Every structure is written in structure tokens, then in C-alpha cells.
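For reference, the structures are reproduced in the following blocks.
Presented sequentially are two complexes of chain A, the first with chain B as partner and the second with chain C.
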Partner chain A sequence: MFAFIVRRIITTIPVMGFVALFVFSLLYIAPGDPAAVIAGDQASPADVEKIRLSLGLDRPYLVRFGEWFFRVLQGDLGTSIFTSLPVTQLIAQRIEPTVSLMLLTLILAVSIAVPLGVLAAWKAGTWIDRVVVAFAVFGFSVPVFVVGYLLAYTFALQLDWVPVQGYTPLSQGVWPWFKNLILPAITLGFVYIALIARITRASMLDVLQQDYIRTARSKGVAQNSILFVHALKNAAVPIITIIGIGVALLIGGAVVTESVFAIPGLGRLTLDAILRRDYPVIQGVVLIFSFVYVLVNLIIDLIYTLVDPRIRY
Partner chain B sequence: MNAQAPAPVPADLAVAPALPDVLKPRKPLTGFTGFLRKNPSIAIGGALLGVMFFIAVFAPLLWTVDPTSISPARRTRVPSELYWFGTDMLGRDIYSRVIYGARVSLLVGFSVAILASIAGLTIGLFSGFVRVADGIIMRVIDGMMSIPPILLAIALMALTRGSVQNVIIAITIAEIPRVARLVRGVVLSLREQPYVDAAVAAGTRTPMIIFRHILPNTMAPMSVQATYICASAMIVEAILSFIGAGIPPATPSWGNIMAEGRALWQVRPHIILFPAIFLSLTVLAVNLLGDGLRDALDPRMAKNL
Partner chain C sequence: MDRRTFLKTAAGTGALAATGGLAMPALSQGAAAKTLRFVPQANLANFDPIWGTQYVVRNAALLVWDTLYGIDSKFQPQRQMVESETVSADGLVWTFKLRPGLKFHDGSPVTSKDVVASLVRWSARDPMGLMLRAIQNELVAVDDSTFKWSLKQPYPKMLLALGKNNSPCSFIMPERIAKTDPFQQITEYIGSGPMKFVRADWVPGAKAVFEKFADYVPRSEPADWLAGGKKMLVDRVEWVIMPDAATAAAALQNGEVDWVETPLSDLVPVLKRNANINVDIGDPLGNIGAFRMNHLHPPFNNVKVRQAVMTALNQEDYMRAVVGDDNALWKPLPGYFTPGTPLYTENGGDALKKRNIAEAKKLLAEGGYKGEPVTCVVAQDLAVLKAMGDVTAELLKSIGMTVDFVATDWGTVGARRAQKTPPGQGGWNMFHTWHAGADCVNPASYTAIRGSGDKAWFGWPDSPAVEAEVTNWFNAKSLDEEKAIIAKLNKAAAEHVIYAPTGFFLAYQAWRKNVTGVSSGPFPVFWGVNKA
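== the complex of A and B ==
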């Protein structure tokens, strides 16, 4: 078991290396001249040249990557062009709202989506099932900011139940924090709920047809116990996988959700950086988010072995 | 049993009336209409998408005005008989912008689906057939897939000028790994099929095996994947334009119409509402088409998902 965990952790190191290589290479993949784009339309040729030097575009690709990667390993993500502050410092200032939002969304989404999927599979073919399936298709088709504005308009503007926008740090109390974050969390979780509910339903349908479920029924096990103990545990692997994969949706959606609800998090930082063409900041945020994503999926892989003892790599 | 003619029915004997057909024999669903009835989501999705295509192609004829004409005198009007969907902050007619916006959304969605499919197919076939390259290519793909697609597209757009073409390139790059992965998986499983062994034993050349025996079998899963990529590309385009990293406002796109409504959403929610409805319906249409295709092409999957 221990050997497996160590081995699994070691295999993520090359993946992270390739992530870094790829994020770095974006400067070279992007169509057009990045230095000219970052400098902006009013820049003089000298300014463009200065940006080109600061991005290191004048030096060989691999040399530049080596230097950059070495600094990343030391925790240095470069300096913001606009504010001249270290990117790591900018990210550290903005990380709390984003982490809060994503964690709340994760908890909310899983605790809504899994029971929803189980219910749909249990009542397969009935109107309940149809509603859940329709919701799943619908959830994939409505962009996250549309959900955000609809919710904000209804529950914040019209009904005035929660604040329209903004963020209250957790240190100022759990309730204000929650009240500010609940709409963004539902917004961000919308697609995620659709995704998890859909996979849960499919996986549960598969398991509910198996012999041991019939056996459990015939020996008189209570319905709830069959669904949530016998079946769900065996249906768990695909569900946990999709929870991990879906984190990519959360990360992408967070950027948009934060802009709709004016939450001063990493998404807002990215947005400001785009408008100011502050590429080092964007690069840093992309790198951090990607590492988080790799780590989440590493954790997911380790959870497999707890849920399903048959899985050994 | 004798060949005798049936005895004539006596006039005073009552004859039981013919039983009504309780269960009428069902005609098998065949032909085009049959296909659509068996796959309602293809029918609905296809019809909806057809309407959007119609709108995109015939935009100038659908009672629109110049979608870029600015008129400060009629700023931020609410929907009325004159301005069906109202006007935006610069006095542009939102109805016209939304109708013209269909062009950008469909162009981006379908271009990305086609380009990403071609690139992903090439990489996937290569990776599945050239064992030496497979390890390296798959590590790079793993790395790419570890970057959330929207962030990847945002990063690329931050490095380039906003234009329809660059948005298509950025989203395509973000979507390629998914196709490549899928194709490689299909290729690896097809390679083990007896009929491929037979072809090899019969002395068929490798290019022939790839194009005649492998490629056609990747088409079904790939076309399903392509529809999902099309749907996701439309959403990503809208998100990019919405946050100001996509298509500049000179070309109306549903994303940038909504971006302009962002500042005013509390007082003029309709600026966001109308493009949002069109975008959601189009994406829904493509998703329904994808679900229908998946069910039609892979009945084993269809059962549960």
C-alpha cells in the first residue's frame, strides 16, 4: 500500500514537468508576436523590444525554459508587468475567496448531485428520472455566467435574500461568508451537478442490475440500505473519477463566476491581468491551477484504493 | 381437414362480430422519418440547429439593421416594437446583433470541431501506431489535459490579438488532447482485432491498414466527440468574449453582446438575456444531437447514460 502511494506520487512528477513545459511553451505557440500584443497598440518599438527581453524571447527556447523552470521550482513565478509585484504575492493575496468558493461548491455539488443521481437510478423510467436526465442535458447547455445572472437577478435583486455581489472573509463570521458565497457556489456548481448526477445515475443503474442487489432485496434489506450502502459503494469509482475530472470545470468556471459576483479572487486577478495584458500573472495562475488539478486527481487515485480494494496499480 | 366448401351459415344463427384490433401491428420504423422517430433527440437537436443555421445565413434578410451602427440618441432602450430586443450602451440594435451573432457562434463551434478532430485524429493515429513515439506523445497530452481548457484558451488569447481566427486557434489547441486521447484508445483496441491481424497476415501495407481498416472505425466515436467539442467551443467562445479576451465588439458575438451588458445587468438585464437564450438553445441543440448520435452509434452506451 505504502509502496503504491509512493509510486503514484512519483508518477505525477513528470506530468507536472510537462504541464510546466506546456504552459511555458504557450508564449511560442500563440499566433502572432506576443511581445507586440503585450506591449499594446500605443507602444513604441523600443517598448516592444523591452517586453521581448523581459519575456526572454530573444534567447534560445530550451535555455529560457531551463532558467524559468528552475525559478518556478524555487517558488518564483516571475514579476507582474503592470504592478511590478511578485506574481506569487499577488496570487497569495487573492487565493482565499477562490479556495472558499471552490470548496463550498464542491461540497454543495456532491451533496446534491449524488443523491439526485441515486434517486434517478432508483426510480429509473419514471418522471423523476426524466427530470434529472433533462436537467443534466440542460445543465451542460447553459453557460455559467448566464446561470449566475439569472440567480443574482432573482434571489439578490428581486427577492433580496442575499447580497448581490462581493465577498466577506471567513474571519468575519461563517454566516456572512456563506450568505455571500451561496449564489456563486450554486452558479459554479450547476454544470458540475449535472455532470456528477448523470454519471451517478449511469453507474448506479449498472450496479442495481447485479445479482447481489437482488439477493439483498430478497433477504429483506431496507431500500435505503441497499441504495446507499450496497449499491453506492460499488458504483463509487466512476463517480469519484468524474468528481476529480470535473474540478477542471470548477477552475474554468471560477474565473467567470468571480467576475459575475465581483469576488476578489484568482479569477478576478486573471480577468484584470487579461485587460492589462499582464502575461506573467496569467502564466502564474494557469500554472498554479494546473498543479492543483493534477494534485486533486492524484488524491482521487489514492481514494480509489480506499473505496475499491481490488484496485492496485 | 377436408377440402369441403364451408357449410352455409343458417340465417337464424348469430355471427360474432370481428374482434377489434386491440394491438395493431406496429410498422417497423424505417427510412428517414423512422430514424428520426427512433432518435428524437437527433430530430429535435437537428431541427433547432437548422433554425440557427437559417438565422445565420439569412441574417441580413431577417428585418435586421446594421449591427454595428452606433446611435447615442437611442441608448439602452428596453425592448419595444421598434427595437425588439432593445438597444445597448452605444445604441446598437440588440436584435440585429444577436441575429448576426449566430454566425460567429456557429463558425467557431464548427471550425473548432473540425480542426480539433483532424489534428487529434492525426496525433492519435500516429501515437497508436508508432510505439516509440507513443510514450512521449501521451505524456505531453497528459500535461496538456492537466490544464483546464478554459484557462489554456485564456492564456493563449492573452498572448494574441482578439479576432475570430485567433479564438478558433486557441480553443482548438485546448481541445486537441481530448480527441487525440480518444482516437489513440480506439486505435490501440482495434489493432488487437483479428481482422487487422488477418490483414497483416495477408500482406496489407501499413498505410492501407490505417486508412482502410482502422480509420473508418474511429469515425463513430469521433463524430460523437466532435459534437461535444462543438458545443463546448461555443461556450468557451462566449466565455472568452464575455471576459474581454475573445472577439472584439466590432464583430457581434453572443459573448461580447453579453460582455457589454455586464455593467448594466442590474437595470437592463435584457441585454444579457437575449443572447443568453440564443446561446443556450444552440448549445442545447448541439448537445442533443451529440447524445442522439451516441445512442444511435453505440447502443451499448445508450442504455444508461
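== the complex of A and C ==
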């Protein structure tokens, strides 16, 4: 197992290297000019050009990539073109809200979606099953921002239970933190819940038709035990896989959710950086997100061994 | 930990949280009341008002850095950091004396050395500053509170240059900071204005915080835009950046913020119905919508074709697309200067008063248009530009032009418009923008009106007639003389179609009723604003 973890971490390095090259190249060929944004709308073309030179944007691709990559290897993600702040500092400022949002969403989604999927499979073909399936289709179909606005309108504006926007750090209290995050987490989790519930239902349906389940029933094993001990454990591999894959959904959804709820997280940092063509920030954030995604997949692979003893690395 | 212990712990945590047991002590009501939470028009992504000239940077900088003079609501520069000034009889030597007691936020006194260094940096970037540089003999500190600017020829607009509100303003910084290359960003934000920038609390894209500067000595005159006493009545101003206008409006309704600079016009009716919210015009000088044609390449290198397009446009179509049905938010603009300001004129603007499709087609034929595609680059991420772009596409088709509509984002438009290559090689024929009305009250900072060819703004119009009138305006000595010159300039600009104005539009600002003293201006005026 240890050797597997080490091997996987080592294979992460070329993956990250490829991501770095890909992101840098993509930004290099993408249209847009940060110098024009910095100079402002009234700036003369000559001023824009001088700013471009001062930022080093006129230098050859390979020189720029080489310098950046060398710094990244030393743990330096560079400096934001706009704020002149280190990218690592910008990411550090924003990481807590995003991690909080994603973890709360993950907890919320798994604790709602898995029981829903199990319930739908158990009651397959009944109205309960149809409601869960309909919810799953609805969850897939409604855009994140629509869910966000509806929730904000109902629970923040009309009922005044929670704030419309913003983020309170965990260090200032669990309740204020939770109040700020619950609507964004539900918003972000909506499609995630739908996805996990559908996969759970499908996987459970498959397992519930197996002989050993029929045997357990005939032995008089309690229904809860059949569902959550015998069946769910055996249905877990595809569910865990989809939870892992869904992290990419969360990362993408965080960009929209953080904008709708004005949460100062990495999603908004990414969006702002893309709109302004703040290349070092975009490169840094994408690298971090890629690393997180690779790490999540590693963790998922390790969890497989816990739920299915047949899997060995 | 077994299941039962876990559930007990979780329940206990929930109960504590519900009673606020884990929360930090809340701020007292009084302390909270003196913090003004403001939602600006855009993100404060950098904070060097000379290096980055976006309006949002200028607006934040006005809190932190002071200026020697300040423009008032009558567009007259008034003394601000300066106590007195003298100009020699030949108009060549200006001597300025700073008022006593001026201090920077780090406690050091403001001296004329700081002023000289700041003016040197500013004048490398500002159009009026560049003019001054071109005719400068020397700019020197005479003593700690006196400095002298001697010129090779008179410059009647000196005080306007030092007090204008257009970006970049001539902000005064400590000498060590002002010596930074004007094309490099400063890293210390020390000014002598009424508020200090709290750098530790700055989260670009989320929040910027300003605290009252205890040692600031405001002037005794009443505040009027950048002139008079900048008396801060709140202790702290927090800029809360909200990229989503609907969220900003909801936060205002919920009392989570106090003042929104530019609420979404679609949501203004909702805000107006809220008993706790005031809504009024934000900037009375508004904005001038515009599309610019590239004078370097066919078909718009032919003045007849440019005139054809301007003759066919109907400003109401544009303004309805931009502001909707609210008639208080727009006006037709048969000219190039801001309505309601002293130099406003409609001279030469007849083509913009009434659409004439037949005449437009005739001009198009005379211009030799052969059906070549017009590359119209339209930013889709800015609602105003998208709306104007859609109207223009229909306009061009209505007179028989072929449209190559390039839907993209503003970041791309910003880069592409600088390309002088032909449209098929990465260049362009047309892009949309708007100009702040405050920049269009006179030619001082109105780069978009210039017709200096290769050195002109994007589109590169070349009109000696326009340039001659701009020069005349800079040398004018009375308002009447200026008015006569601007009338000629307006006519020349319309004949040459420097650009096509699509109308004049305004925007609302909204604030909660417990906030008092909010006024209209070409920038958010924080001095005199209080919160109950």
C-alpha cells in the first residue's frame, strides 16, 4: 500500500508538469491583453505598449515559460500582474472559504443523496422512486445560479434566516460560518446530490438483485441491515467513484456559486483573473485545482480498498 | 469515539452554536454604525492611480491621496492642498505654496519635494501632464512648502490640470513612493487624504478597507466634489466587491451593505419600492455611448461611409437597449460633449438628430462600398456593450452592409482594438465603448475626441481641423472663447465622424435611509456622508 501511495505521488509530478505546460500554452495563445486592462479605457496605445513591455509580455514564449516553471519548481507561483501580490498569498487569502464551501457541500450532498438513492432503490417502481428520479432530473437541469437566486430570495430576503452574501471565517464562530455557507452549499450541492442519488439508486438496484441479498432476506436479516450493511457496502465502489469525479463539478460550480453569493474564494479569484488576463494567478489557481483533483482521486483509490477487500494495490 | 458519544458531542456543538456560544463577541451597535459598507462599480484589483487608470482605482484613491486643487460641481478648480499661488505677468512662472499642517499617513509632513516628485510621475502618464512636460523649463522645490513650475509658453489650464477629476489625477505621494517608474506599480499606499488604506484587510476581488485619518485637516470651505473640506463623518469605509449586481441589490435590501454605486437598472423598481432605500441618479454627468470605426482600413477609411453609418443610426434604439423604458436615464446627444455642462453644443450634429436611411444608402454608394464584411467586435460580458453591438449589427444590415459579428469578451476587445492590422489579419472595423461624461466636458482629458492620426485613440482618426480647435481651446482665456471653439470642434468632429455617439445615459445609485449626505457626483463622494 505504501509503495502504491509513493508511486501515485510520483506519477503526479509529470501530470502536474503537463497541466502547467497546457495552461501556460493556452493562456499564451488566448486573445486578450492585461496591459490594456491596466492602462484603462482612456490610455493611449503607446501607454498600453509601455505597460506591456514593463510586464515582460513581449518576451518569447519559451523564455517566459521557462522562468515561470523554474519558479514553480521552487514553490513560487509568481506575482499577480494587477495586485503585485504573490499568487501564493492571494490563494492563501481565498482558500478557506472555498475549502469550507466544498467540504460542507460534500457532507451535505453525501448525507442527503446516499439515503435518497438507497430509498429509491428499495422502493423501486413506487411513487417514492419516481419522486427521487424526478428530483435527480430536476437537479441536473436547473442551472446553479437559478437555484442560488431562488434560495437567496426565499431564505435571505423573505424569511431573513440567513445573510444574502459574504463569508465569515470559522475562527469567528461556527454558527456565523454556517449561516453564511448553508445557502451556497445547498446551491452548489444541488446537481451533486442529483448525481450521487442517481448512481446510488442504480448501483443499489443492481446489488439488491444479487443472490446473497435474497439469502439475507430469507434468513430474516433486518431491512436496515440489508440495505446499509450488506447492499450499500457492495454498491459503494461506483458511488465513491462518482463522489470523486464530482469534485470536478464542485470546482466548476464554485466559480458560479461564489460569484452569486459574493464569497471571496478561489472560484471568484479564478474568474476575476480570467476576465483581466492575470496570467500568473490563473496558472497558479489551475495548478492548485489540478493538484487537488489528483489528490482526491488518490484518496478515492485508497478508499476502494476499505470497502472492497478484493481490491489490492 | 462511539456513535452515542459522537451524537452527544455534535448536539452539544449545535446547541452552543445556536446560542452563539462559539461566536466571537459582536461589535457594539455604535461601532458598527460608523462603518459604511459600500459596493463599488468594479473590483479594486490594483491600487496605483497613476499606473492603473481605471475609474474604480481613481475613486478609491480619492479617499487616500489628496490633490493640490480640486474641481467643484461648476467645473472650476479650487485650492485643496495649496494655500496660495502666483503666476508671473507673462504667464510663464507659477509659484505654489502648500497649506500648513499637511501630513502623510505615516506621520511625515507633506513637503514640496513630495509634490515635485508626484507631479513628475503624474505628468509622464496624463495627457495634460504630457503637455506641461513638453513646455516645461523646470519644476523645482523652492523650500519645504513652496514649489515653482516655470514654462516656455503660457498654459492657462494649469489649475485645471492639477485639480481635474479625470484619471489619472495629480495625486500627491511621499517622494520615496512617487519616484517609482510611472509604468511600474507602487507597493506602498501612503497618502495625505482623509482616509488611510488598511492594506492588511485588502482582499483583492473581495474587500478593501479605509480608516479615518485622525491628522487630516480639512479645509474650512463647504465640500463640493473635490473642492472644500473633506470631512469624514464615518470611522471606516469598507468596500465590498460584489460581481453579481442582483446579489448587491439583495444585500442592500437586507441591510448587509449601505450603499450600492451602480445597481442593476432592471432591479431599480424593486429598490424604489423598498421603504428603507433611497434611489437617485449617481453621476449627473453620465456616460456617452459610442462606437468607433477604424479609419485606417476599408470601408471606414472613407469619410462618406462613416457618415452613412452615422446618418442611419437612431440613438433612441441604442438607449432603449441600454437603459430600458426609464426615460429619466437617457437623452439624445447630437454632439460630442456632455449635456448640461457649460461647453455643451449641438453645432454640426444634425445628422444625429434624425435617422435618414435613404441618405445613408446614398452616402454609402458615394463612398464606394462594395459589400466587404465589416468586422464588428462586440464584448458580450458587459451588458451595455452587448446591447449596443446588437443594435449596430441591425443598423449596418439595414443599409446593406455585410456584418462579421465577432462576439467576444472585453479583455479580448481591449487587446484587439490596439491592432492596426487589417480586419482579416487580427484587426477590426468597429468596436463599442462608452465614455464617462466627466471626461467629455472639455477636451482636456477627452482622448476619444482627438484626431491626431497615428497618435489618436483606437480607430486613429486624422483630422487637422479637430486638432486645431483642441489647441485653440487649451489657449483660450475666457468661457465665451471656449464655447465658440468647442462649437467649431463639435462640427469638425461630426463631419469627420471621429466616432459615432449613440446617446447619453445615466445610472442610479442606491443607499439605505439610515445613511445621510449621499450626493451626486462623477465619483462617489464619501466626505459628508454619515450613518445613523
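As a convention for this text, the second predicted complex is superposed on the first by the 271 of 313 C-alpha atoms of A that agree within 3 Å, B and C clash if a C-alpha of one lies under 4 Å from a C-alpha of the other, contacts with A are read in each partner's own complex, and residues count from 1 in each chain.
The working rule: contacts are C-beta pairs under 8 Å (C-beta built on N, C-alpha and C of every residue); 3 or more make two chains touch, one makes a residue touch a chain.
Predicted, not measured: the structure shown is a model, and the values here were computed from it.
In the superposition on chain A, A:Gly173 makes contact with chain C only, not with chain B.
In the superposed model, A:Val294 lies in contact with chain B only, and not with chain C. In the superposition on chain A, A:Ser141 makes contact with chain B only, not with chain C. Look at A:Gln283: by the touch rule set out above, it reaches chain B but stays clear of chain C.
Applying the stated contact rule after C-alpha superposition, one finds that A:Ile251 touches chain B and leaves chain C untouched. In the superposed model, A:Ala197 lies in contact with neither chain B nor chain C. Using the contact criterion defined above for the overlaid structures, shared-chain residue A:Val132 touches neither chain B nor chain C, since it reaches no partner. When both complexes are overlaid on chain A, the residue A:Leu275 reaches chain B and chain C alike.
By the touch criterion defined above, A:Ile29 lies against chain B but remains apart from chain C after alignment on the C-alpha atoms of chain A. Residues 31-32, 37-38, 149, 152-153, 157, 164, 259, 271, 274-275, 277 of chain A are contacted both by chain B in one complex and by chain C in the other. On the chain A side of its complex with chain B, the touching residues are 14-19, 21-23, 26-27, 29-32, 34, 37-38, 137-138, 140-146, 149, 152-153, 157, 164, 198, 201-203, 205-206, 248-249, 251-253, 255-256, 259, 270-271, 273-275, 277, 279, 282-283, 285-286, 289-290, 293-294, 297. In the complex of the two chains, the chain C residues touching chain A come out as 13, 16-18, 20, 22-24, 43, 45-46, 51-55, 125, 127, 166-167, 181, 183-185, 187, 203-207, 240-244, 246-248, 250-251, 253-254, 256, 381, 408-412, 414-418, 433, 435, 439, 445, 447-448, 455, 457-458.
Of all residues in chain A, only 31-33, 36-51, 53-54, 80, 82-85, 90, 93-94, 149, 152-153, 156-157, 160, 163-166, 171-176, 178, 259-262, 264, 268-269, 271-272, 274-278 touch chain C in the complex they form.
For chain B in complex with chain A, the residues that touch the partner chain are 139-140, 142-144, 146-152, 154-161, 165-166, 169-170, 173, 231, 235, 238-239, 242-245, 258, 262, 265-266, 269, 272, 276, 279-281, 283-284, 287-288, 291, 303-305.
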